[in-house]
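Listed next: structures, encoded as structure tokens.
Both of the next two complexes hold subunit A, though its partner changes from subunit B to subunit C.
The block that comes next holds the complex of A and B.
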């Protein structure tokens, strides 16, 4: 056992309102620069939908992630020698049009237009060429456009669904969608690292953050193609690849990443996970249906004395172990088993986790239920009729957001991983609703709770951490001891005096 | 001093010094500036035709030149059989034409594709022009003054060695035709531009990729000790 610590984020999709505040916070902080205009290290997608870059999940085309065949784990992109032969031209690289041509508006036209009959307009211009252009795509071009034949229909996760279920999804009256915020998953078995011919990308052992060393990057751009989540971007102005840095400068100063901190829906949680680095390769080498289980088995129990001793032996300090014990991520992922990684079948062992969304499920069944009562019709959003929830619970397969679809997103198609999660979440909802309606947990509610495999205390804890957490409960950040990190490059006291000056070269005499 | 000596005995040392010293400085002290500056994100199709043709043509032809420099005797031995000489010459010419075509495509692309133009510096154009002249004069020499692989070991190899051993003999080139002289001079110009342009990417070919482990994990703190 080789214990290492990892900073992980959790997205409670049931709470995401699709406001894109996270994306804007990230853009303002990190990618509001020349060459980076088109990059969204954090983006939010409407699902079902095509995502950003358009169709990124189509690995036949973009060749991201790993392939497990005949007992071997290989990059889908290339073998090592193939990699060298494709340096001159990388056939799997997305083009700018797969993202979008970044644009702004010529606001000055509003002031300089001559007097006339019409209101002056600010025309859109390309942020690359400066020429006028007609925007035809954007990072959230299909926002809320689920059910559309142009975008949602091309979602690869719909492939394995019955034609009937698909038809239902596209019925205008029944249109349903969820949001999927995405950042780099800071994977345990990152394909970007493996694909880089220069060896410029690395994973930090201390906290698992995956970074591009911009001094080593030589623009071979293999990482861009190899990342199955398309979360490495090529900066056309600097000739270097860039990616989400999990706001490590913020983490090192005790702040949550900007996307998480600014999240309006408060859907994001941040905390430490301890994992067993020795078993990474074997965890990625199991059949698809076992992937979730094998990945979660890498995450260790921070209360286990053996794990604690091993962690200390690896140089993980007390503060981090305590943070791991209080980690909201550990609770959601391992204790309650409510969260799953995005697309485990890519086998990069993604370390950001998602609680699948529940809300849309409820409304459809409401429709079905009302239909059975002879008064079906448009979906009504003003719940509650007491029995509705029980109806949903018993008929998850009729859920409006098909379980199969969620399984394709979060469980390599294995519905057996999604159903228990939805049941637990529903059970908690039923319990709380009954409590507020009846003033106590009713028999019926307790029965559902037991069926979902939860105790009353667990349900209460899930409820509290889901709906009422304080900032400190959502973000349990370990002490980074930044002074020690600074020691790497210079005397911490000298560093303190120079902080904020941004010397690129040492300010030596004569330089 | 005559022009011949200036261009082929003095300038080569300026070019070589710049190429070695500035490249080393850049690699060590300005590593962020070292990059192949790919423009594939901005335009793909024409890059495919241009870049693959130019690179494969140039890389193989350059290796051929290197071989002639290091093993002139071997080359002559190989050429002793006429069929082998023809084969070599035809392959060389083919590769040269391929490189010429590729460089032309890249140059045209850089000028005519708005996005690529927006991302270009004057040096990007200059480099392509120099490479284009290199390929063009090379192809002209091959066509006009047949069997270069026969006379290269007799003229070029001693000349290049004379420069490399600090005992330059520019007179060896004195009577060569114009296109061939331009080809040689253009090479020194290429070397002089090398450290100041994206050409430095040539020395960063990541051959180590073949042997390194897939994953790279770094202990930031342990670096300090």
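The block that comes next holds the complex of A and C.
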């Protein structure tokens, strides 16, 4: 057992309101630079949808992640020999068309336009050429299912769905969508690291952040193609690849990443997970339907004395172990089993976790019921909400967001992982609703709770951490002890005094 | 002590003898292929050296050997039109030795020796020239470096001279055959070192070149022009192929959706 610590983020999708504040915070902090205009280290997608870059989940096209074949794990992108021949022509690489042509508006026209009959307008101009252009795509062009139904229809996760269910999804009365905020998953088995011919990408041992060494990057762009989440980007101005750095300078100074900190819906949680680095290969080499289970088995119990001893032997600080014990991520992922990794079938062992969203309250069950009463297809909300909850609980397979769809996103298509999660979340919701209506947990609610496999205390804890957490409960950040790292080569007090002074080497093309 | 005085004289005499012999060997190596083993020449093609008054002028011989000769030359009442190639590989001392040897030949008048019978097959010569039939000792076919009028759309190689008028320049069929067997040109000499042409091959090629000399030589710009036009045609085809490939490329999802939205 080789214990390592990992900073992980959790997205509670049931709380996401799709406001894109995270994306803007990240953009302003990190990618508001020349050559990075098109990059969104953090982006929010509407699902069903094609995402950003368009259709990134289509690995037949983009060839990201790993393939498990004949007992070994291979990059889907290419073998070493193939890679040598594709050094200068890599057809799996996304083009700027697959992202979008970044644009801005010529605001100066508003002030400098000559006097005329019409109001001056700020026309859109390309951020690449500076020429006027008509924007035809953007990082969230299909936001809230806008733009066109074409985007939603082309969601690869809809592939395994019944044609009937798909048709229902497209009906105007039944339209349903959810949001999917995405950052780099800081995987345990990162395909970008494996694909880099220059050895420029590495995973920090202390907190698992995957970083590109801009001094070593030689612009082969294999990482861009190999990352199944398309979260490594190529900066055309510096000729280097860039990616989400999990705001490590903020983490090291005790602040949550900018996206998490700015989150309006407070959907994001940050915390430490302890994992067993020795077992990563075997965890990545199991059949698709066992992937979630094998990945979660890598995450170790921070209260287990054996694990604590092994962690200390690996040099993990007491403060980190305490942070792991208080980690909200550990609770959601391992204790309550409410969170799952995004697309485990890519076998990169993504370390950002998602609590899948519940469907809108009104289910297709209710709609069918109304139709049988002769009330046509339109949904009416006059049924008591408490009854609706029980109906949805009893017939999850008829939820408006198909369970199969969620399974394709978060469980490699294995619905058996999604149903218990949704049941637990619904059971907590039913319980709290009954409590506030009746003043006490009703018999019916307790039965549902027991069926979902939760105790009253657990349900209360889930409820508190979901709805009422404080900043310190959402972000349990370990002490990074940078002063100890500085001590190795310098007087920490002198280092502190000199922080921010010295030479900056901007990344240069060809260096 | 008289004997002792004679020693240097003997040495000088011995050296002179050695040099003269050396001159004969050098003549055999560098000159005999064209001018004949006895310096008799080839009537009408290559002037004789034996009994030729010009060889008495050592400086003239050295210059002719090292720098070559060209233009009309009258020897014994016969005018020769050929070209003698320069032989820079022969050093000045060696050239002098050859000159001395030639002076020694002097007495005998130029014998009108019968022209050696050269009867090559021009068809075989053409095959050898083009490389359709390999040279027996592994030498490169002539076409690799030379061009002759009327053979090949793009001509042949551009390294060596146009051989259309070679028969006229280099002493007719007989002269060419002799030259081919033991080439005097420095580059050609190097190229065929260790893989000489056989007598039959040389005479066949000589026959072919004699036949070709009826043609008018083409200007080099003709071949260059043809090459350019053909190159541009091939380039146009390549570009067309690329344009077709580009049209047939798989469209990305983003492109497909945008194309549908524009409609």
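A few remarks follow.
In the analysis below, the second predicted complex is superposed on the first by the 466 of 511 C-alpha atoms of A that agree within 3 Å, B and C clash if a C-alpha of one lies under 4 Å from a C-alpha of the other, contacts with A are read in each partner's own complex, and residues count from 1 in each chain.
One rule holds in what follows: a residue touches a chain if its C-beta (ideal position, glycine included) is under 8 Å from a C-beta of that chain, and two chains touch if they have at least 3 such contacts.
These numbers come from a predicted model, not from an experiment.
Room for both subunit B and subunit C is found when the two structures are superposed via subunit A, with no clash between them. Look at A:150: by the touch rule set out above, it reaches subunit C but stays clear of subunit B. Of the two partners subunit B and subunit C, it is B that touches the larger number of subunit A residues. Contact with subunit B, but none with subunit C, is seen for A:240 once the two complexes are overlaid on the shared chain. In the overlay built on the shared chain, the residue A:53 is in contact with subunit C alone; subunit B does not reach it. In the superposition on chain A, A:42 makes contact with neither subunit B nor subunit C.
In the superposition on chain A, contact is made by A:137 with subunit C only, not with subunit B.
Judged by the touch definition given at the top, the superposed model places A:95 against both subunit B and subunit C.
By the document's definition of touching, neither partner reaches A:8: not subunit B, not subunit C. In the superposition on chain A, A:61 makes contact with subunit C only, while subunit B stays out of contact range.
Once both structures are fitted onto chain A, a short way to say it is that subunit B and subunit C open up an angle of 10° at subunit A, using Cα centres and rounding to the nearest 10.
Minimum C-alpha separation, subunit B to subunit C, in the superposed model: 5 Å. Comparing the two complexes, residues 94-95 of subunit A contact subunit B in one case and subunit C in the other. Considering their complex, residues 80-81, 83-84, 87-91, 93-96, 101, 126, 128-131, 189-190, 193-194, 197-199, 201-206, 214-221, 234, 236-240, 277, 280, 484-485, 487-488, 505 of subunit A touch subunit B.
By the touch criterion given at the top, residues 29, 31-32, 34-44, 47-48, 51-52, 55-56, 114-115, 117-119, 198, 201, 204-210, 212, 214-221, 223-224 of subunit B touch subunit A in their complex. Put simply, subunit A touches subunit C in their complex at residues 50, 53-55, 58, 61, 94-95, 97-98, 100, 136-137, 147-148, 150-151, 154.
Residues 252-255, 257-258, 260-262 of subunit C are the ones touching subunit A in the complex.
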